[in-house]
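Okay, so here's the structure we're looking at.
Chain IDs A, B, C, D, E and F follow the sequence of writing; residue 1 opens each chain.
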Amino acid sequence: MARYGAQFGPDITFLGVRRCDWADPSSYAGADVVILGAPFDGGTSHRSGTRFGPQHIRQTCYLAQDGSRPSLAMRVDGLRDLSVFDAGDVEMFSGDADRSVRDLQAAVHAVTATGAIPLVLGGDHTIAWPDAAGVAQHLGQGRVSMIHFDAHADTGDVEFGSLIGHGQPMRRLIESGALRGDRFLQLGLRGYWPGPETLDWMAEQGMRSYEMTEITARGLEVCLTEAFAIATDDCDGVFLSIDIDVCDPGHAPGTGTPEPGGLTSRQLLDAVRRICYELPVVGVDLVEVSPPYDHAEITSFLANRVVLEALSAIARRRKDAADGTTWNPLQPLLDGR
Amino acid sequence: MARYGAQFGPDITFLGVRRCDWADPSSYAGADVVILGAPFDGGTSHRSGTRFGPQHIRQTCYLAQDGSRPSLAMRVDGLRDLSVFDAGDVEMFSGDADRSVRDLQAAVHAVTATGAIPLVLGGDHTIAWPDAAGVAQHLGQGRVSMIHFDAHADTGDVEFGSLIGHGQPMRRLIESGALRGDRFLQLGLRGYWPGPETLDWMAEQGMRSYEMTEITARGLEVCLTEAFAIATDDCDGVFLSIDIDVCDPGHAPGTGTPEPGGLTSRQLLDAVRRICYELPVVGVDLVEVSPPYDHAEITSFLANRVVLEALSAIARRRKDAADGTTWNPLQPLLDGR
Amino acid sequence: MARYGAQFGPDITFLGVRRCDWADPSSYAGADVVILGAPFDGGTSHRSGTRFGPQHIRQTCYLAQDGSRPSLAMRVDGLRDLSVFDAGDVEMFSGDADRSVRDLQAAVHAVTATGAIPLVLGGDHTIAWPDAAGVAQHLGQGRVSMIHFDAHADTGDVEFGSLIGHGQPMRRLIESGALRGDRFLQLGLRGYWPGPETLDWMAEQGMRSYEMTEITARGLEVCLTEAFAIATDDCDGVFLSIDIDVCDPGHAPGTGTPEPGGLTSRQLLDAVRRICYELPVVGVDLVEVSPPYDHAEITSFLANRVVLEALSAIARRRKDAADGTTWNPLQPLLDGR
Amino acid sequence: MARYGAQFGPDITFLGVRRCDWADPSSYAGADVVILGAPFDGGTSHRSGTRFGPQHIRQTCYLAQDGSRPSLAMRVDGLRDLSVFDAGDVEMFSGDADRSVRDLQAAVHAVTATGAIPLVLGGDHTIAWPDAAGVAQHLGQGRVSMIHFDAHADTGDVEFGSLIGHGQPMRRLIESGALRGDRFLQLGLRGYWPGPETLDWMAEQGMRSYEMTEITARGLEVCLTEAFAIATDDCDGVFLSIDIDVCDPGHAPGTGTPEPGGLTSRQLLDAVRRICYELPVVGVDLVEVSPPYDHAEITSFLANRVVLEALSAIARRRKDAADGTTWNPLQPLLDGR
Amino acid sequence: MARYGAQFGPDITFLGVRRCDWADPSSYAGADVVILGAPFDGGTSHRSGTRFGPQHIRQTCYLAQDGSRPSLAMRVDGLRDLSVFDAGDVEMFSGDADRSVRDLQAAVHAVTATGAIPLVLGGDHTIAWPDAAGVAQHLGQGRVSMIHFDAHADTGDVEFGSLIGHGQPMRRLIESGALRGDRFLQLGLRGYWPGPETLDWMAEQGMRSYEMTEITARGLEVCLTEAFAIATDDCDGVFLSIDIDVCDPGHAPGTGTPEPGGLTSRQLLDAVRRICYELPVVGVDLVEVSPPYDHAEITSFLANRVVLEALSAIARRRKDAADGTTWNPLQPLLDGR
Amino acid sequence: MARYGAQFGPDITFLGVRRCDWADPSSYAGADVVILGAPFDGGTSHRSGTRFGPQHIRQTCYLAQDGSRPSLAMRVDGLRDLSVFDAGDVEMFSGDADRSVRDLQAAVHAVTATGAIPLVLGGDHTIAWPDAAGVAQHLGQGRVSMIHFDAHADTGDVEFGSLIGHGQPMRRLIESGALRGDRFLQLGLRGYWPGPETLDWMAEQGMRSYEMTEITARGLEVCLTEAFAIATDDCDGVFLSIDIDVCDPGHAPGTGTPEPGGLTSRQLLDAVRRICYELPVVGVDLVEVSPPYDHAEITSFLANRVVLEALSAIARRRKDAADGTTWNPLQPLLDGR
């Protein structure tokens, strides 16, 4: 099979990293991370537009698209110190959620099977099902924990007559046995959904969901530390699923179901950094960036930086593991140069 | 079955007309026209967003939403001189084109079977298949001709691996025998799609497609008159399908696949008026209004007025038929009062 | 009384022309035209925002704001060949239509009494009442005819419990005797307002209203010529009232009650040119520019040019009257240089 | 009198709650809360557009408009555990502030007289005068304290020659004796208005105003606790008036007089929650949401959630009072299920 | 020298055509047309933003970016029936007009010297100087005529103290002898610039400028035919320079100096078609597309189509020359298939 | 030389303060602060548009433009308690960075030489070079320290082949000896630029750069206090350079190179306040406000307030120095009145 390329717009890669074809592992031999686009917005319950997420996340940056991004904070280059490839988009026909989900899982599984970390750019949150399931398919059912940033629990059962959709992926993952409910950590929930029945189901699964009230009262750092302990208890790896609507609409207006009262972009970046630096991340997705509702591209800029933050932290984690060093957030930028 | 209401936003009706449930004909007994919303955008090949079309077309008006709109030009009230009901939306899960199309056809057929004219608010152009097929299902295969305003022929075969989508409805209608290819009139085509193979297929079906070059050279009025003769030759009724992108992007920016060089809004309104006044229209759809790409709601305003123009002209046609009178476009507004 | 300045934003003048205080005629001695801002949007029935009209119309131009604009087409400088002053805004408290209207009429009357032409920048169309009434107050009741460009007749009686508002000024002008109904020319009407009762009242007054159907069928030039004959029959001057919504929303999105199917900006500019060149214009207002709904300032650009077109044509009319020459639209730009 | 409905757009209710007519108490018998729209923007000193506030606040939500919103944080359904009705809009002619204010006070008073809490959706802040005065008219002059979130003190005397306007309601309330100056708590003030004279007047009244400097230095929680003590000292109830511009423009761009440096949306939501949970709220208004200046509807989303936060906290307060329980912000979301 | 790529954003080509390096003719051997980006906006006198023109014009299309665009109207594929390459951008430092202009001329000249037609995507109109001068450098001073679509004459002398800028390129071209003043055809001029002195200079050069008044009065077709005769009199080729602001702001809002009253997009497309089909075009530039001021990308869509229209017509011209056939605008789309 | 006025738009002053001509010191005798506009955007590496910064910063305010702004927080009027003049713009031809920089330095130097503080409104950050150099030219090379708020270090060497540009001013200042590297304090840096080589150079200069990680970990207040000690060690004054992109894009979307994860607007205002109150500020610039990318003018509002915050704090510093008093941030607003 030949590389599919981009479903919408020109065939570009994430900030200029190398191209590959997910179906041809030789095209990304030795990859640490493989980026996949999943331009699907057929599963959203409100505003659409996330089909243009991959296209915008890949390129929304004011620097040269040269496959290099040295992080000031982490002192590594996430695109060069890791071997990062971009496999382009998996064709997602938004009018056929069933087929799209199936095809995406195959691609994620193929990438994971090579030992690389799949990093999937959505698309709406429907894709978290095939994303995490594809990883679990390789690493083992129930062997991967989930850290999930979102304003919404995404544990609905049937919506618009369908089991598949952006409000249901987390239920599908648990019901299918791909992930364990008691290794499912959610951060940033708030608002008025889901209702009691679904919350009861979540409690039964042993999920741990940090609503914004708790995060505000206890502090995000404390909640994260607590969550990390659960996530690494008897699991081999962590899947990180980031719905950009975990941020406040002021920081991320370009999304489908904005819920006021969320995290700042600074908080999200720092949390992603900690997770990817402190935990054995085996898969990542970043979803719900909807460019038609964005302004001055600020949501796309944020999403691009979330990806880079994850890659930088993973690179630094590997470097520190190799060098026996530790990253120090208190070190001034120019110290040690 | 109970009225479904609105899939997105509050449960409103077109400018305040009466509510009904399409599945319960007694709820719209004696209706001349029944409005249906089809908020589906899973079939678009580029920008999405048309799922919010019905919601915006129904209410984008600066006058009171009182179920009355006396037309200055036609001297009738399209919402009162006709019996117009709004059945709300047919549930359209954009992630399942197949089911959405099937359900919509059932609704359109049910409405048609009562003798009412279905007027469907899209949604992307995928819905033209079930719209016109639902009408033909009642009036007879091949007994209804099509007048189709669009920048695009929408006669593609397979797109993104699917037979269903917003680029293919016209092919499905002809291939299924619902409509005759040689009673298929297209106006406003332009640009760079489809390619020769598809054009050859269209020619084989005997379609008559007026590209903008011909319309500019000969005049829209002349082309329309010619098309009317074909449309009424051995057919019992006319289905009118209006893709708002037939208008120039300057007049209709809020759409998914804008193609420069189209009609003005004045031209479209006048053409719709002539068709609905001069021909036996049995079904109408209006598609591809994508509110997230609109500005100052100008595309929604236009779409709302296209609906009213159609209703006003149908009302005047019936009134003139009853009274033995004829509408005179040269009559000054205040003459005869 | 001292010059009030600008009600909103910095105290600027139209493209840099000289400042004056309308209450102090010595500050604009010898003026041909005095510009007044009327930033009132309390009378609109739908979108507000026209209070920022004067501010935007005055300055939306890409050339230096130097009080000079040589017209390519008319070969005169409307800002220098005429003596043009800008009196700033008349304070308009949008929450008190009654007082605002009264104060504006006083200002317009004061300007007219000096022999200058008042040119009022709205604001919503409520202001046409004091604008034309202020002129008639000086020139005589019934001695001034009206040419009115608009999508709407603005002849409503009571709206929201008030006799004053942007849908009623033309009725007030006729009912008060300020203007004669049979010297009232309307161009560009369309859509679904007002209803039959109001149209009957209009017919009784002898108004002549050109709906877009008639304009399209007969041609704008023909209609204008016909209207000119009526306007100059037994009247001493013409008041020109331009609602920017006479243009199609594609050309003028930034307005409160957009009605699709209107004039192009080219048509409006040419019509304003003919009126100001061929007729004895004694007052002008330009209303309903609503900057918050504008995009890329295109409506403000258009409004600025409508003002300049009027001034250029008035200047050329006076020059030709003095020189015994005639303007020739067929003359190439560089001929005669 | 019959229900007026919506002044602009279709006749909807807040997220689908039941309709009522404020003038007919039998239509909302047993109501805990009655929502009123006050679409008035004639009193604003700068940008207008708040007339569309009620329309947008009522419906800007991505969930079904089904009259139910179970709060994750408060574990109650503010729309079902309370009896909530929406009376539609009170007709507000923006060109007549005097009449609008009078009519609104009548409606608020009528609602209050039934024992229900009026919750008024503005409109500009002019309406706080009739809102709080209408409540005091029933509960007694000086018996209701005020908690007022705003960037501005709104204690101006005369603006644009009027005593009525969005910069003056708090002065009118105190001067009229409806509210006591020394039970008037303001939070979030900042910027460059009003000047010393007005501040002196405020000090004389014994007002307590928390400028952002103090809030930043001491913490919002500390300031609130202090304010609560004052508000409940010798008063029977609290009126809560929320100007959305208390939030930073990054969180609430869609407003008329944005002042940088404000609260986050999270802070506002938490503060409203505390007030409505801890204090005996007898009236609420939410003002200055100006949709034409909004982006991606983020300000309308926030406003919708502020209303829900208030209703959820009131519901929880009543439930806890009945059950003898206490809400615990530290309780994890899924605990106790 | 290696291909520079894209100055802003990812390194893409016009709708997916092949890449080349202008400095290495072997990389585009046999090319008919070579596209160059000139992302320069340092010469504009008002709004900037055209630096993003090349990036947007290259990709703003809803079809697959596959290097193929079969024209419905011209029945050729401008990207396949011609050999078209995209050389990427010439580095344009907007802060150094002098160097940018010099470097661009070198690139254009290099392309022209190979026999290919350079097609330059601006950038502001400053670049017309190096564009046409680079062509003349190869074909001979005074041997190339100019057809120039624009709202502005661009014949200024010194602006902001500089001889170089977007208001002066046409003067530089004539003064330098690159082009003859009496073979300089301008279409679409309007508004209030330049002043008499500059117009006198233009007349002295023998320029022929069609202001919109003349175009409206005589018809665009007539003016074009007249212009063609001049352009082909004693010249070897025609350079076509298209400023997108020749279109009305309603059709092209995304530009720096919009002037109301311009051409429709349909008129511009048809005019470009005629020129490229009927005349020996040797160079093209398309300038002043400013994406930050665009809405829904309508200006970029138009610009993309203007490029395709030019290429399609050139392809058809060459095909007809080879086949001895003639294109017939009256032929229906499906005739002859 | 006569006052140049405004390069773009009408000739206004910052919120209505008095006009002056920088080249004529008698026109601003006794000035404490002189505002200069530097509408230059030719040096930006990505989005342009900052040329309209001065125009927007000067007037984006909802209060009367009357040259008075009494600060609630500081209890002084920054525009009246200081003597503030606005010299208008220095002509900046964006196509000639070299000349623009030279001319701006001359103006800044002239102002500084009179003893006034220059406050420069950009424009892109290119202008920091002439701004600070012009101050040092008078006060002595190396005698002025720099406090620099920015997401970016702006210490690049050559960009797009030029030594001048918005990414390089800080290097130029240090290399030229105007400022000392070890008295150069940077706050807010983050993201992926510059690379190691440049960071090494910065370290060699002894610069102190607070990246957001350190600021988040230690707190902004602590970092500021530390920085103040360095800034005042063996220097005579402080230059404050504020790039608006130091704020998070949610608070300042209207800028050219937005980098997520920045300060809130509250933090920036408080920091500017402390600097101008606690340190001997001798020059200020505020750059990178790009109105075409702004929404609802929130970035311009913020910038306007940053200027006022600086002026208010300077005024209070001088007042307290004269009165022997100290400003107390804990004092309630109405206390002491």
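Here, a residue touches a chain if its C-beta (ideal position, glycine included) is under 8 Å from a C-beta of that chain, and two chains touch if they have at least 3 such contacts.
Protein names from UniProt, one per chain: A, B, C, D, E, F = Agmatinase.
Given the structure is predicted, the values throughout are model-derived calculations rather than measurements.
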{"item": "Joint neighbours of chain F and chain D, given as chain labels", "value": "A, C"}
{"item": "Contact distance in steps, from chain A to chain D", "value": "1"}
{"item": "Equivalent interface positions on chain C and chain E, same or different at half", "value": "different"}
{"item": "Pair in A-E, A-D or E-F that repeats D-F, with over half of contact pairs matching by residue number", "value": "A-D"}
{"item": "Taking each chain's C-alpha mean as its centre, the one farthest from chain F", "value": "B"}
{"item": "Interface with more contacting C-beta pairs, comparing C-F to B-E", "value": "B-E"}
{"item": "Computed distance of Cα centres, chain B from chain A, in Å", "value": "41"}
{"item": "Rounded Å distance between chain B and chain F, as computed from the means of their C-alpha atoms", "value": "57"}
{"item": "Of all residues in chain D, the ones touching two or more other chains", "value": "46-47, 248, 250-251, 264, 293, 295"}
{"item": "Pairs of chains satisfying the touch condition", "value": "A-B, A-D, A-E, A-F, B-C, B-D, B-E, C-D, C-E, C-F, D-F, E-F"}
{"item": "Interface residues, chain D side, partner chain F - complex", "value": "45-47, 189-193, 195-196, 199-200, 202-203, 207-214, 216-218, 248-251, 253-254, 256-262, 264, 293-295"}
{"item": "Touching residues (chain side chain A, partner chain F) in the complex", "value": "62-63, 68-73, 248, 250-252, 264-266, 269-270, 295-298, 301-302, 305, 308, 329-334, 337"}
{"item": "Interfacial residue positions of chain E with respect to chain F in the complex", "value": "7-8, 41-44, 46-49, 51-52, 91, 93-100, 126, 160-162, 164-165, 292-293"}
{"item": "Interface residues, chain A side, partner chain E - complex", "value": "6, 9-13, 16, 58-59, 65"}
